[in-house]
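Right, one structure below, let's go through it.
The chains carry the letters A, B, C and D, assigned in the order they are written, with residues numbered from 1 in each.
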Amino acid sequence: MNYMKKTFIKRLKEINLNKPLFIEGLPGIGLIGKLVSEHLIHELNAVKFAELYSSSFPPQVLIDENGIIEPLKNEFYYLKSAGADHRDFIILTGNTQGLTPEGHNEICNEIIDFIEEYGVKNIYTLGGCETTQNNEKIKVIGSATNEELIKMLKDNGVKIRSAHELIIGASGLLLTLGMYREINGVCLMGNTRGYSIDVDASKAVLKTLISILKLKVDFLKLDERVEESIRIISKTKKIKQENPDKTHLKPSDDDLRYIR
Amino acid sequence: MNYMKKTFIKRLKEINLNKPLFIEGLPGIGLIGKLVSEHLIHELNAVKFAELYSSSFPPQVLIDENGIIEPLKNEFYYLKSAGADHRDFIILTGNTQGLTPEGHNEICNEIIDFIEEYGVKNIYTLGGCETTQNNEKIKVIGSATNEELIKMLKDNGVKIRSAHELIIGASGLLLTLGMYREINGVCLMGNTRGYSIDVDASKAVLKTLISILKLKVDFLKLDERVEESIRIISKTKKIKQENPDKTHLKPSDDDLRYIR
Amino acid sequence: MNYMKKTFIKRLKEINLNKPLFIEGLPGIGLIGKLVSEHLIHELNAVKFAELYSSSFPPQVLIDENGIIEPLKNEFYYLKSAGADHRDFIILTGNTQGLTPEGHNEICNEIIDFIEEYGVKNIYTLGGCETTQNNEKIKVIGSATNEELIKMLKDNGVKIRSAHELIIGASGLLLTLGMYREINGVCLMGNTRGYSIDVDASKAVLKTLISILKLKVDFLKLDERVEESIRIISKTKKIKQENPDKTHLKPSDDDLRYIR
Amino acid sequence: MNYMKKTFIKRLKEINLNKPLFIEGLPGIGLIGKLVSEHLIHELNAVKFAELYSSSFPPQVLIDENGIIEPLKNEFYYLKSAGADHRDFIILTGNTQGLTPEGHNEICNEIIDFIEEYGVKNIYTLGGCETTQNNEKIKVIGSATNEELIKMLKDNGVKIRSAHELIIGASGLLLTLGMYREINGVCLMGNTRGYSIDVDASKAVLKTLISILKLKVDFLKLDERVEESIRIISKTKKIKQENPDKTHLKPSDDDLRYIR
């Protein structure tokens, strides 16, 4: 097999799912999507069943906790019969997103092709956004692919995103690419002031998501997970703390190099 | 169908047109092309018949007035037997242009291929340009693919663009790509000082265009349309007003992110 | 024919040449290559026989002297039995170079493929370079594909370029791509201090070139040609004259936008 | 043969090797990888047997010591039965790395395809990294593809790289691409403060490498080699000496132009 010549998905496990709901949580603004998706994976014991590699990822590798080299990749996990609704789930996390427009589109298209095979009809994409209103009461901002879902978001206390705003990267692309296949979806964005790791915004998104999806997830470990992430970042980068609150670190281009 | 793997055009309606005149008004400098093309579409009740998608568009999506996700795309509208000349028209508008040189060329080539099918022999591309002379008396600057059209522009009071200037993006590329198929055309550019939305320059281009094409279009709603656009931008971005005149907003890289 | 989908060469005239010498003078540092090649073309009455178009050129068009739209392109001219040696020549000029690494390589490869068909065995590429020594006595700096040609350059008073310097763009790539086909060549660079149009450096390169190639070319018109270029630039751009000498204009990114 | 249309490897010599160990030393941070690999090649009399060319290398050429044009390329050398272990080696050096993500991946994939043919099962990649601790006692930092190799590095006094750090370019990509083929490996990075040529860090990496691989290499000539490199750089660029120690030159974007 000629690995890495383009975007490809390596299946690790044959599984059968019943109309699973797809949740995307790749790294992005405030690391919100990644934190929430990884928290769900750990708390609900989701199982990895596939990995995506792409030559359009940045030409870099990461080092893991043991000093071992880790390729840039996206990872698919699944969950069977979870939450009050006994639903199946596919959760996507990873350590990077695509780089060029063409690469980004190719990767998201491969993801949609792949999840469609398992019968996915609904997508939740997770991320962050910086609101200009600086209204701190707004915690979670949402957008959706149809009016019914917009109504559902409003009913769940989600503020709807303003017209002519942008969603950059996989959280937006996956939804539009899904629309062409009659897959509908929602984007939940934590209201962030641009910190490299925004734990409050992540908690708000998690809270909204599990309420909508009738999942039961412990929040305690999210703080531990964030503390761990902050420790790692603090250890490896000299970060100017612009905020005395340790959980709010201002991002620099450097910190985000491996995210996008 | 494998959507978004490259540039493709989705036909929404089968139509027959008689040597239609093609008008391009994609977003660009001063939003002039987009404002004029959308004003024409609304005032003349043009009907959408096709949409263009491309993996070379920026990897982003937009939010519409209802919070619903909208892919980046270009849109084709048509008009039958319009104006004093009872001519057919195809009008192109959209919310983005290509990003890489190769992508930009591919997209414009697809557009030319597509409109050629309908028998297009004449193109009008619309945009803005910043003149160095700062001569405020010059309102509309033009360029064309042959001498006959240059003469026609002069007869209509259009100042001809200086040698060795550039036209960047679709407004230029569509004209040269058309030349290879014996499609001739004109580029009308509003003289702008670089505002993100230049309503005066847009009006000047609109006025020139409808005079040449013998169309009858109300101007009142253009102001409303611009006011609406400014309201949206003001609401979503903190714009430093460098000009007391509300219709003249200085662009920042940020504002133009979704245009190019 | 599907124009502009990749790099292609349009032949305008069938010609037969006898081992022609190939001279490349595309726009670059100080516009030296372009000025010298265009001067040769006009003074020796070379005839255009082919044009190269590429989707890797910048997504722009130029305006010509009459306000007419001109695509970005490279142009091939030929000359039969010129100079004291009665040699045939192919001269390449144009209004742009490629943009991406892959595009640049594709374009240069197409050029080498094309000129090889006519039996080209020797290449002269023309450009400019900024020497750090600031030694104003050095007028022309050269490099070559073999030692014999290095010796020839020295015999003609050309200073050899220092080890580990770079030649960026077509002037360098064409020589290495030629080497794989056993086409040898020379790069002549005018010593420039980075002016957007360097007439002195252009004259020095022209003088060296015609001396080596035993061509007879009038210099008078070169000044006129430069004056014309400066007039155009002055008319269309506000250039800060950092040098009282009108023939030395400091370049800005803006001025060079259409060159690279 | 259609040279340079993509990435290709030109074989100069047919050779047979017995499970050779592969060492990569392409230019990068502090020029450490390149200095060490070239020192090994010269001291151990390794023989060149293949060259790699790519249209994804920067569109540039270099000038060699005699003023002769040299394409950007990577070079493969081999060694038979070297060191106390009588092992075969393939050593990769060169004057550049890829530019785009897709290009970088394509090139590294070609390299892995090529060395796999010779039976390579182990890779050593060499480079530099800037530690944030500024702990000057740490000389060499390592990473590896499995725990066994991490242990081996620790036993050899190598500090293991921290979690969530990055390795950018070929030194990282080659290791992950190797992992898919069951080729294991190690990355040795000299602890550098970002000098354009870091001789101390290069010596530290060389010392560690030859100790692990049981090679015997004279260090004297490394200083000469660096002095030579510095002389070249000093001659051709005006470098601001931010450090009185001549062997420590702060890099500028300019100096590194030909490296990445």
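To be clear about the criterion, a contact is a pair of C-beta atoms (placed from the backbone, for glycine too) under 8 Å apart; a residue touches a chain by one contact, two chains touch by 3 or more.
Just so it is clear, the model here is predicted, and its values are computed rather than measured.
Because subunit B and subunit C share one sequence, their contact can be compared position by position; here under half of the interface residue numbers appear on both sides. In this assembly, the C-alpha centroid of subunit A lies 51 Å from the C-alpha centroid of subunit C. Centroid to centroid, with C-alpha atoms defining each point, subunit A and subunit B lie 36 Å apart.
Multi-chain contact residues of subunit B, defined as those touching 2 or more other chains: 100.
Chains that are in contact with each other form these pairs: A-B, A-D, B-C, C-D.
The touching residues of subunit C, when paired with subunit B in their complex, are 1-5, 55-71, 99-100, 103, 232-233, 235-238, 257-258. In the complex of the two chains, the subunit B residues touching subunit C come out as 98, 100-102, 104-106, 108-109, 132, 142-147, 150, 153, 160-169, 172-173, 175-177, 179-181, 187.
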